[in-house]
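Read through the structures below before going on.
Heads up, the next two complexes both have chain A, just with different partners, chain B and then chain C.
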Partner chain A sequence: MLEFRKDLFADERDDNLNVIGKGEQRQDMLGHVTGRTRFFDDHGFDGLLHLKVVRSPHHHARIRSIDVTAAERAPGVKRVIRGQDVPLNKNTLLSLIDFGKDDEPTLAVDKVRYKGEPIVAIIADSEAEALAAVKLVRVSYDPLPTVFDVQEALKPGAVVVNETYPGNYFEYHDKYDHQKLRFGDVEAAFRTADHVLEERYQMSPIEHASTETNGTIAAPETNNRYVVHSCAQGLFFSLGTTAKILALESNRLHFIGGTVGGGFGGKVDSLTEPLAVLGAILTGRPVRYVLGREEEMQFASPRGAERHVIKDGVMRDGRIVARQITSYFDAGAYTRLTSYGVVKCVAHMPGPYTIPNVRGDAYCVFTNRVPATAMRGFGVTGVDFSIEVQMDKLAHLVGIDPMEFRILNAYRDGDMKAHRRVAHNTALIECVQVVAEKVNWPLSETARRASSLSGGGGPRAAIPPTVTDESGRIGRPETRQAPPQLTPGAAPLPAHQPRPAVPVYQPPPAHQPAAALPNYPSQPADAAPLPAPAPPVPNAPAPPQHGAARFSSVFTRRR
Partner chain B sequence: MARMPVQFRLNGSDRAVFVEPAETLLGTIRRGLGDFAPKFGCGQGTCGVCTVLVDGEPRLGCLTLSVTCEGRSIETASGLADGPTLHPLQAAFMEHFAAQCGFCTPGMLMAAKALLDRNPNPTRVEVVEAIAGNVCRCTGYEPIINAILAAAQQRGVRRA
Partner chain C sequence: MARHQGRGMASINYPIGMNLGGDPSQALVHANPDGKFTVALSAIDLGQGMKQVSRQIAAETLGVPIEDVYVDTADSDTGPHDMGSFASRGTHRVGNAVIVAAKEARGVLLEAAAEELEVNADDLVTDGKGNIHVRGAASKSITVKAASQAAQFKQGKTISGRGIFLIPLSTVHPETGEMSPVTAYAHACLVVDLEVCDETGDVKVNKLTSAYELGRALNPKMVEQQLVGGAWMGMSHALYETPEPYYPNPEHGGRDYNEYLMPGPGDIAPHDITVLERPAPDGPFGGKGPGEMCANPVLPAVANAIFNAIGVRIDTLPITPEKILRALKAQGGARPQIRRA
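Moving on to the complex of A and B:
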């Protein structure tokens, strides 16, 4: 819980907090309107060299040979860089937080896995000379069969895209082929649901198309360091990645940046920094590596494609009693950040709704497409779109107004979410109410009076008995009642622990009486009572946790 | 290839440079003369971040050859302010929050200046038309349009 300590440094600060609600001039605005803001490319250097890259014309091919002799002799060419010149020519971005295996070369050596993959870098006096020399590099390929569809890629016998992950799926904790979410018993709930609706949703990759393309200028400094003008959105992340790939001490890199000409997630991949710095090391001169617009589209990561299959069980009165989602994320040929997006997706699968039985399976799949990365809510945006379209369809199916339908199923403060975190500061009900008011959408009196602050918690805070899979995984019994423990979702049960019996489906408790929507029938009188809710957790301040610990399912490696 | 001498005025100062025959005005202004206000975005005339004024007319710096600018007068966003005094467009852009990342701003300002110089009292539609070739990917078009209209109004007041 966040605590605001006003007693610390009180005399050094104005605590009136009177900024919100007023216009406040941005500190960088004067630079923007005078043209004085310096983006990475707005730096002049004497003797600046330009780096351009030979890219794969194939989606998938073995490289038989690379001949750079003509390019090396071309006018203005100062240096040709190949894969073997890169000190650590295999990396994955999240290795900095110990998540995933190194799987992507800076320059491809034996195989290319997507169209646009870099193979050889040319450094020359001018961009035109570098581009001319790029055309002189002779690469001979043996084209390989390709796979572009996530579900095709997961089939046995599919073409292996990325040999680091021979199953074409990212391996979570080095052994799981996907991320799993289990909460309650969806199968039993489907059997008792009045309606079951299964739909498939998918979205194409989306290019960020920031007006500034990715790029870097790197130059030797006088103190045996390199100055790096970078477009990176995560400057220190990029510094760490560059230091790792080039096997340099990170204090020999002086990164300057933070002024980004549009990022939206498309500048977190350190696509240009390592090669630009390597070029500066090898030539002893400033090197500029900027993607053209076509390269930006072809090689710089987009938001990846996603496919979500959603199956919901709903009662005639509008309560969603079960939700099952199978999600496929197209990572493209390399991991970059998709593995992390999938983790976010799983936490978001029920959406902002309290559903008593949820089952989710999400796969991070490799295909011969451009590797995908972050973009504005990635991992959540696609599944959110799918869920909300599904909500409209469900509302239509049971004949309830879609706004009322959302209020009826909305999570409330104190509810247990399917990934076993208690919902706090929920406001979906209030958001729907405000939207309805703004667009003059008639809501029932009950829906207007509903509140996220009441009606939640209690039995809705309980974790239902959860079915385990064939290997006895999912859910630790000792966490069943207690909210905010960090539960390793896939930890095996202790051997002696009896597997929880498959529970009889029980309808969720009716929404809190005062705010209940009276038009909906109350729950059957003969429903078995739910287990008594856990005693309220005392509001003692939680021990401080490092950010990495809070997201331990991502940041720690389990075996 | 032989380089060619070119002379033009850049923001009121006479400049002389040697350029490659195929060199773009954007490249000459940025890497040749060190004025980094106009930006490179697409290199194919679709995004407008390289917009500069050539004899008062908006031109795409990435598609204009430097050798065609002999004897011309070039203006960029660096030359908009009069010493420490901001141009009304610059002041209005600040006032109306008409920039987010700032990358499209120099081009937007020049497209807007060309409009106001020839049409001091534009309609909203004319403003939209004038910046139709300038892409803002932070999608802040409304504040930009409002800022340009406000600048026009303010200049009108000052003239009256």
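Moving on to the complex of A and C:
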């Protein structure tokens, strides 16, 4: 059931539109419901070959030898591919935007860093023959010690998972073992808070579990090019990754996709495109490489685990005065996209609330598990879970209704956010109010009258004097802040608490005009129906501070 | 044994588009000689409706009926560059590129019509039904089809347009984390009503009630599809799913849909959704993007509702019956909290 509250923010909208806002049937609906839509795997080719990979049975091991002689002689086998056959057998996905160092082979050569890491690819006439030949590959291993816990992995002397990052952490700005967020002085605020509550939250990994598993069909065209039927979520992203790994000019690849059987972030990694195209190059035949369900479940990248430790200082009247979040993202054995998710998480701290003192430290940590990747809500879902459970605990601690507590602390237009940009276009308060009304959740008059449009800005727009530090210098683990010690809540939470009185709190200060948005690098969309269209600048050059900025200058040099 | 009712809430916001920007999308729009339009993209339709939302944005901007627009996407030989469908960026980034391209094509269309009608193009409007007429004088009109034919065969004009949308890449300060992550945020609040069995640890979600602020719901049916599906995913994440049930122990991962637990049809709860629309100043027709965010409030709201029902906090996901029973044992039984409404 879905309904609209058109009365809210009505003066900010022009609803006089022809097609926008109408529940028109999708142009692809008939094809989907009649089973005629063609996905990547619906493209048939004469002489299609099938590719399967040999995967590591160990979480961490040195490879002593690889013997493929029996596999090469097996029935139906057309080609065996090893790491040395891959033109550039070391890559990192975000190298396309110059972020991070190449750290992951397409086929492992000297070492495996997670259970399921591909080592050898077999191309055969049928899937069954390829799978049979996989079993004939003899790999000899020296198993190595493993590390699976993110905080264990960060300890000095921990097993080195990925030699590109010998401290088991991604390196930010060539300087720190994590990304920092510093706004105000949390330590001083904790000292003045009525209560301090520190809690630890853990999100385990989850699967994307798309109906369609990852896969690619690649075939030689007649013009020295290769056509690639791909399920990629980023067509050119996958094309660029494949071209880089195979050392091809990008226009020798003709990628076709766009109709994908579910992604949720699980089809950003180009898990199958490079090997399928390499197979087509080496055999001169069309090659299909599709993950089976078990491979997808066990060895394709999941959403990674996250651990968030949140320490809050709160006043008796419900105002949160300080929030410190320490976050550990479990990247698994290789970076893929986790380094990006960590920065997105830092940008999201401290949640949709205006808190005058915020400290964040977020780590991208390498462990011996399947590399993690993006998933729906990347960088945000885990910290939102943690923040919102913490908010519930804080409300309970100070005896304020949870919705009132959200509205009291909610960010409003004109407030300064911890990443030092002014909030605008906010609507958290209204969402809470609408749901409260829907479920008959009693709200005080003050909470019902609150608005995202007023009460923000003014002193809430200020950037406070901020304490910075040099903790976590690369190569100096002794400077890393000690793992936050879990302290029990300020007082045991009373059970069977009587219903708290409707909180009395100071109404926010009178509305003051929001400060101008500083450095907001938005390019107005020039969407005509909006009441106050910004000047159209469709081809405006980037502001000078961004210049030719790529992630290299944002974070770290690629090597 | 008792089943304890609980109610919990959470409120969230969500950033729209790739963090830090630097993620361009392009669009090309052109008409055939009959005034039927094709939008060429490289965006990916994952089932979320990328093609349809682009189609509606193009039709609205061009001022033509929706059935006169089709979207052709993700052929790298014909579609212009696009970063991809992730980070809730499709509607915002691609939609803006489509607007730019469609405006340029519309400009040529109106010029062609103006030449045929011998009027100034600035005085022309479209009726969204396939006609172009002089503002305030509906009788002085020409069809989109006739104008397109004239452009192609008489005037030698291409009715086409190019569009790109790029939010320039933001830097990140190493010491303070100062950055410009995104330009638009969507918002939500969600209440979960559930019950917890103190004998089996089973959680049954009975109802979800939510409000989502999405800028503008460009296609309400597709918004509903996202929000209903996303809430299911959030419920699944909160209570069922994980490949590593005893994380950080890496064992016991499911190998298929039998072993990897997810809610079945009998576990789905009714979801009462209200949509708020506060247009994003730089969104296409104000649109933001409901894609990713809709799962997020469900997780903490479920955890908070479980606390409300039995007085235990489970801070590790997923919240399995095993964890609930262990926590109840440690606490010495259920301690229901205050009921709200």
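Keep this in mind: the second predicted complex is superposed on the first by the 451 of 559 C-alpha atoms of A that agree within 3 Å, B and C clash if a C-alpha of one lies under 4 Å from a C-alpha of the other, contacts with A are read in each partner's own complex, and residues count from 1 in each chain.
FYI, a residue touches a chain if its C-beta (ideal position, glycine included) is under 8 Å from a C-beta of that chain, and two chains touch if they have at least 3 such contacts.
Because the structure is predicted, anything quoted here is derived from the model rather than measured.
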Touched partner set for A:H419, first chain B, second chain C, both or neither: second
Comparing the two partners chain B and chain C, which touches a greater set of residues in chain A: C
Which superposed partner A:R293 touches (first chain B, second chain C, both, neither): both
Contacts of A:A209 with chain B and chain C, given as first, second, both or neither: both
Partner chain in contact with A:D384 - chain B first, chain C second, else both or neither: second
Partner chain(s) touched by A:V260 [first = chain B, second = chain C, both, neither]: both
Partner chain in contact with A:S451 - chain B first, chain C second, else both or neither: neither
Which superposed partner A:T354 touches (first chain B, second chain C, both, neither): neither
Contacts of A:D28 with chain B and chain C, given as first, second, both or neither: both
Intersection of chain A interface sets (partners chain B, chain C): 23, 25-26, 28, 209, 259-264, 293
Chain A partner contacts - residues on chain B that touch it in the complex: 20, 22, 30-31, 34-44, 47, 49, 76-78, 80-81, 86, 89-90, 93-94, 97, 99, 101-106, 109, 135-138
Sites on chain A touched by chain B in the complex: 23, 25-26, 28-39, 41-44, 48, 126, 128, 208-213, 259-264, 290, 292-293
